[in-house]
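Some structures to go through are shown next.
The following pair of complexes shares a single chain, chain A, combined with chain B in the former and chain C in the latter.
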Partner chain A sequence: MNVAARMRTNPAFRFVDQYKKLFIAFLLIIFLFLLGEVTVSNFLSFAQLLLTVKLASFIALFGLCQMIVMAGGGGGLDMSVGYTATMTAVLTASMMDGRNENLWIAMLVALVIGLAVGVANGLLTAYVKLPPLVVTMSMSLILQGGINVYTAGANITGKPSPILQIMAAKSIGIFPNILFILLILTPVVMILLYRTKWGLALFGTGTNETAAYLSGVNVKRVRCISFVISGILSSFIGLLLIGNMGIAFKDMGSNYVMPSIAAVVVGGVSMNGGDGNYIGVILGAIFLQTLTNLLVAMGWGDAGKWLGFGIVLFILLIVYVNDIRSR
Partner chain B sequence: MNKARTASGSSTLRKLISKPEFSILLILVVMFTITAVLQANFFEKRSIVRNINAFAPLILLTMGQAVVIIAGGLDLSAGSALSLVVCVLTFVMRKASPETGAWAILAALVVAVLIGVINGIGIGYLRIPPVIITFATSYMWLGAALFLRPTPGGESVDWFKAFYDFSALPGASDSLKAFGSWMPPALILLLLGCLMWFVMKRTRMGRYIYAVGSNGNSAYESGINTAKIQMQACVINSLFIFLAALFFVGQTMSGDARMGDPLTLKAIAAAVVGGIALTGGRGSVYFAIVGALIMSFVNKIIFFANIPYAYQTLVSGVIIIVAIAGSQTYTLYRRRAMARESTLA
Partner chain C sequence: MKVLEATGIKKCFGGVVALSDGNFSCQEGRITGLLGANGSGKSTISKIIAGVYSADAGEIRYKDRLVRYRNPNEARKDGIAMVYQNLSLVPDLTVWQNIVLGAEEKKRLFLDNKAAKNLSKEIIDQLLPGLDIGKMVYELNPGEMQIVEIAKAISAEPKLLILDEPTSALEKAQVKSLFRFVRSLAERGVAINFTSHRLWEVMEICDDIIIFRNGENVGSLDFERDGRDPERIVSYITGDVQKVKVSRERRKNGGKSVLEVKGLNYGKFLRDVSLDLKKGEILGIGGLAGQGQHELLLALAGNYPSVDCVATIDGEKVRLNRPANSIRHSVLLVPGDRELEGLFLKQSVYTNVIFPKLGLKHQPLFTPRAKYRKECERAVDVLSIKTSSLDMPVRTLSGGNQQKVVVGKWFSFSTNVLLLADPAKGVDIGAKRDLYGYIVNQVREKGISVILYASDTEELAEYCDRVLIMYEGQIVASLEGDDINEDTIIATSMRVR
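Right after this comes the complex of A and B.
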């Protein structure tokens, strides 16, 4: 038995190999914080870390929608998440009007919007076989158009219900509440994906569509459902978003679309499907938020932010996608 | 005998109708007719020129996009690449010194080719899914464009107007103005693009682009350097983007780092409407022009339908989805019908 083979059977090595990408993401975050501490003073502190996590949590939440859609393979991608969230926030703001009694109406509306967007995306991609990217991009155009129409008629009035504000904006001691939502959500997602039949079918579809089909998985339905889940989730994230911001405005969600996809890439989740470790996505979101903070602190502004995002994505894609291929 | 001949005659007609090209041209004729009816002065020379000017950028981008899609890729960065090239042009140029225009064109051409090469390395050599890698690069181009031009603005040399309208050119002779009135610069740029593809399609590379797009593995096994071909397709795309950028700067005389963004999706949608299969290897770049024309006419019809401004994003989104879903359903339906026919025979 040669050295490489012995290493492969070593459980410690296998553990590292399996979670290699998580380690990379984690090390990248540490590297950024150290870099920030060296170049900008007062960058590395516990309070700063918690603030970063709080800001990153929305990227991580949108990243969850993205990850579920991507896990199904077939170029799955949901560009409409941010716009669905905005739509929900804008429409429910006046319904809630800052009162807890009206929260259930808002949740009902959120469910309907999410369901409608998700079902439309799912049907068009899975059954009509259109590329997800084009479908969801057009869907975001439609949603943005709807928001434009709504806001052209009247100003957006109303406030989120206090419960939402407590969930999204307030904190217990120094720990922001939204962190607890993430902490509860993570095991739920992991169990859904790794321990249920549907999760298995989703990963199977993403890994090898034909093999999944031949094993009796309804590939189209699985992919369609993944888009429905993404739609409903992003719609409810819209409620949290308005809870965090206190008001609703026209492009409150659209800025999260790009980071949510980037977070999934940085987190080491394969974009070809069949894979989905949510912890990686959360780490990816924290990394991106730290990068943004750093670039802003260094005074690079908008240009540096997008350039940095693009270059980091490009490099990580090169690093992660090298596990291909015969030819 | 006689009966057989009539049957074959009707089947020729049916074959003609069943071709996807036929339905695309039919849609174009319908859109053209509706626009001609709605726009009172549609056939006047001036409004024809105005229409060509309005349609040219989308057509150029769609042709470039079509080349990449046929080669088995997809370019999501086309819009921001266009913005970057425009920003480079207006960054280098100084209104006071006309010779900076030449430097600007050179710099823009270099940047455009570089954009194509980087996209091509990602798609071809590293074989990262095209959607993802061009998504990443689109933010690199956006960031770079924002560096050059944080807010819309910039200046341009006067003779750049020649890319938009000959009569706006200072010191233009009457014969040039007369030439420009029936041959606007936009049309010349379009013809240049067509000529470029006409020549390239006839080279070995042109055929390889189709081969790589329709089946990458067998193309590779037949000895084609697939990565190089895909990179060349990306560079051809950026040449089309470069032509569109020249037109834009000629028109607006300024740059904006976000001007190209809405065009990306429109160009992809137009290519799909023009019968380019997103799976690669199928479709014609000239029919991409038809697709872009259809989308442009639809936009015009929306304009004439007096839809309030707030509704325009909504309507154009719905139309893109309906157009793509329609052409896809039609293709699926045709394929199924053809399969049924072949099993019957």
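Right after this comes the complex of A and C.
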């Protein structure tokens, strides 16, 4: 056995190798905080870190949708998450009208919207075999148009139910509540992907569609379900979004779409499918938020943020390109 | 005059020796044929000469000069052109654009389309008069595409033209006009290297032949001097006919029918294939490479939704249009291309082995991990898969162990029929023995039936009770009893007997 082979079988080395992208994302975050501390004072503090996590949480939530559809391979991507969330927020605002007893209606509406969008995306991509990018982009445009028509006639009235506001906007002590949602969501997602029949079938489909098909797995249904889950999730994220903002407005979710995809890439999840570690996606989201904070603190503002995102994405894609080639 | 001479060529792919001692030479104005069984190294040496692969050892002299090409373009510039088996044409360009692609006049910024069209027309008129050079390549039929491929090679005005299976896609008339043209090229002094599985064609067009077996050249014949004797060629290809060591008693025909298929058709790959597999039988599928054997096994496994065929499995009618149907009736496929069809390379051994269970009906939503891991451990144990843990990505395993994982996928399934597509391809001897030992054991103890396609005739001769020979998508012969030996299998594959 040569040295390289022996290293590959060494458990410690295997551990580092398996999670090396998590380490990279983690180190990048630390690097940014240190850079911020040096260039702008008072950047590195626990409070600042918690604030960053809170701001990053919605990128991480939408990133979950992206991760799930990407895991199934075939160029999986969901561009419609932003407007699905917006649609739910806009429609449920007046229904909830600031009262908790109306929350269940809002949840029902969220479920219906999410299911409709997800099933449509899933059928068109998995069964009609249209490219996910085009399908979900078109879906996004349709939803945007619908929202614009709905909001053109009348102002959006209504407020989220207090429960949603507590979940999304408030804190327990210094810990933002949405942090707990992420903490609960992470193991749930990991179990869904690594311990269920569907999750393993999704990874297999993403790794090698032909082999999965020949093994008797219904790859179309597996992929379709990933889009349905993404649709329902993004619709419920819409409820949290209105809870966080306190009001609904017509472009409230659209700014998260690109960062959510970026977070998945930064988190080291392969865009070719076949894997998905949600902790990586959360780290990716925190990294992007830290980068935004830093650029804002340095006076670069919104323009600098997008420039920074773009550059980081390019660099990471180049770094990870070997993994893509080696497939 | 000798144009090219290659001596002592060696080439390994991974651990597999494709060529151990390859020698080849060809002469101006002569057509030299290359013959050999599947995997004998004849294709490899052609590709080394054309610069597709580089040799591990040995030397090539071209026009009395030592050469070592790093890529096909260098060889092409030097006057060595190769026509590939798998087409290298761009479907969205026209015929003439494809012919001049890569060799366009580079003198000016813009291409000289007129000259390019004239050149293309001139060549095509000789090869296939009547073909419109303005047609898009995707509009052509496979035979016409092959002709364009040849035209492309010829447009570079080579001194040595390598034709690797140029006729496999052609119709009779097209073959005739191709041969006329190749002959006229030879008369103009071009040296030609011609590879084909079709023995009759080789005997018709070639002046002399070189025969490869197990990675070395074992003989050469000058047709003018030695005459054209097909039996003698076959004996070179198969080697000294060794008495086949039968490690298990061949079963006599009979028994209950397990899998019966009548009139199976799939595109041009399978034409009216019928077979009847008996219980406890190992049925071999032989023939030259690419005669539809892979497609047959894939079709039986239900891989082609468009296949409209109803098989009888244990007396039940089953439509072969979904893998799940075949699996439900315990007809299980071990596919031939393990990386493309069998494995999830970046997933763990565990995921790979338990994966087919995920497609079963009435499985719990959450995978019973403890139970699955135990089954997986058993599979690893029984098949002696060498891995440090069940969580190692399959990518890190050796080829032989990867192949065992593919077989292990069906370990916990009750098997009725096992479809094996070239299971020992690229697998070392130890793993090969393990694999066949396991399969023969399953047949003996559990009474499963096996359909085995092997590109290595030795495996067919050793393990099968009956061998069907395929040729161009059809079953052309059925060998039984003493007829199952390498010699007969190869001769029948080449349609000598």
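Throughout what follows, the second predicted complex is superposed on the first by the 322 of 327 C-alpha atoms of A that agree within 3 Å, B and C clash if a C-alpha of one lies under 4 Å from a C-alpha of the other, contacts with A are read in each partner's own complex, and residues count from 1 in each chain.
Heads up, the rule we're going with is that a residue touches a chain if its C-beta (ideal position, glycine included) is under 8 Å from a C-beta of that chain, and two chains touch if they have at least 3 such contacts.
Keep in mind that this is a model prediction, so the values were computed, not measured.
Trainee: First (chain B), second (chain C), both or neither: which does A:Ala201 touch?
Mentor: In the superposition, A:Ala201 contacts chain C only.
Trainee: Where does A:Ile261 make contact in the superposed view: on chain B (first), on chain C (second), on both, or on neither?
Mentor: In the superposed model, A:Ile261 contacts chain B only, not chain C.
Trainee: Is A:Leu44 touching anything from chain B or chain C once the two structures are fitted on A? First, second, both or neither.
Mentor: Touch status of A:Leu44: no partner.
Trainee: Which partner does A:Ile279 contact after superposing on A: first (chain B), second (chain C), both, neither?
Mentor: So A:Ile279 meets neither chain B nor chain C here.
Trainee: In the overlaid three-chain picture, which partner chain does A:Ala169 touch, first (chain B) or second (chain C), both, or neither?
Mentor: neither
Trainee: Let me test your reading of the model: by the given contact rule, A:Gln144 touches which partner, first (chain B), second (chain C), both or neither?
Mentor: In the superposed model, A:Gln144 contacts chain B only, not chain C.
Trainee: Touch test for A:Ser215: chain B only (first), chain C only (second), both, or neither?
Mentor: A:Ser215 sits against chain C, while chain B stays out of touch.
Trainee: Identify the overlap between the chain B-contacting and the chain C-contacting residues of chain A.
Mentor: 327
Trainee: Which of the residues in chain C end up touching chain A in this complex?
Mentor: Touch list, chain C to chain A: 298, 301, 303, 323-324, 327-328, 333, 335, 340-347, 351, 354-356, 358-360, 363-367, 369, 388, 392, 396, 409.
Trainee: For the complex, which residues does chain B have touching chain A?
Mentor: 74, 76, 122, 126-129, 131-133, 135-147, 150, 217, 220, 265, 268-269, 272, 278, 308-318, 320-321, 324-325, 328-329, 332
Trainee: Spell out the part of chain A that touches chain C in their complex, as residue ranges.
Mentor: 8-9, 14, 191, 195-198, 200-201, 203-204, 207-208, 210-218, 274-275, 327
Trainee: Applying the document's contact rule, which stretches of chain A touch chain B when the two form their complex?
Mentor: 75, 77, 124, 128-131, 133-135, 137-146, 148-149, 152-153, 258, 261, 265, 271-272, 301-311, 313-314, 317-318, 321-322, 324-325, 327
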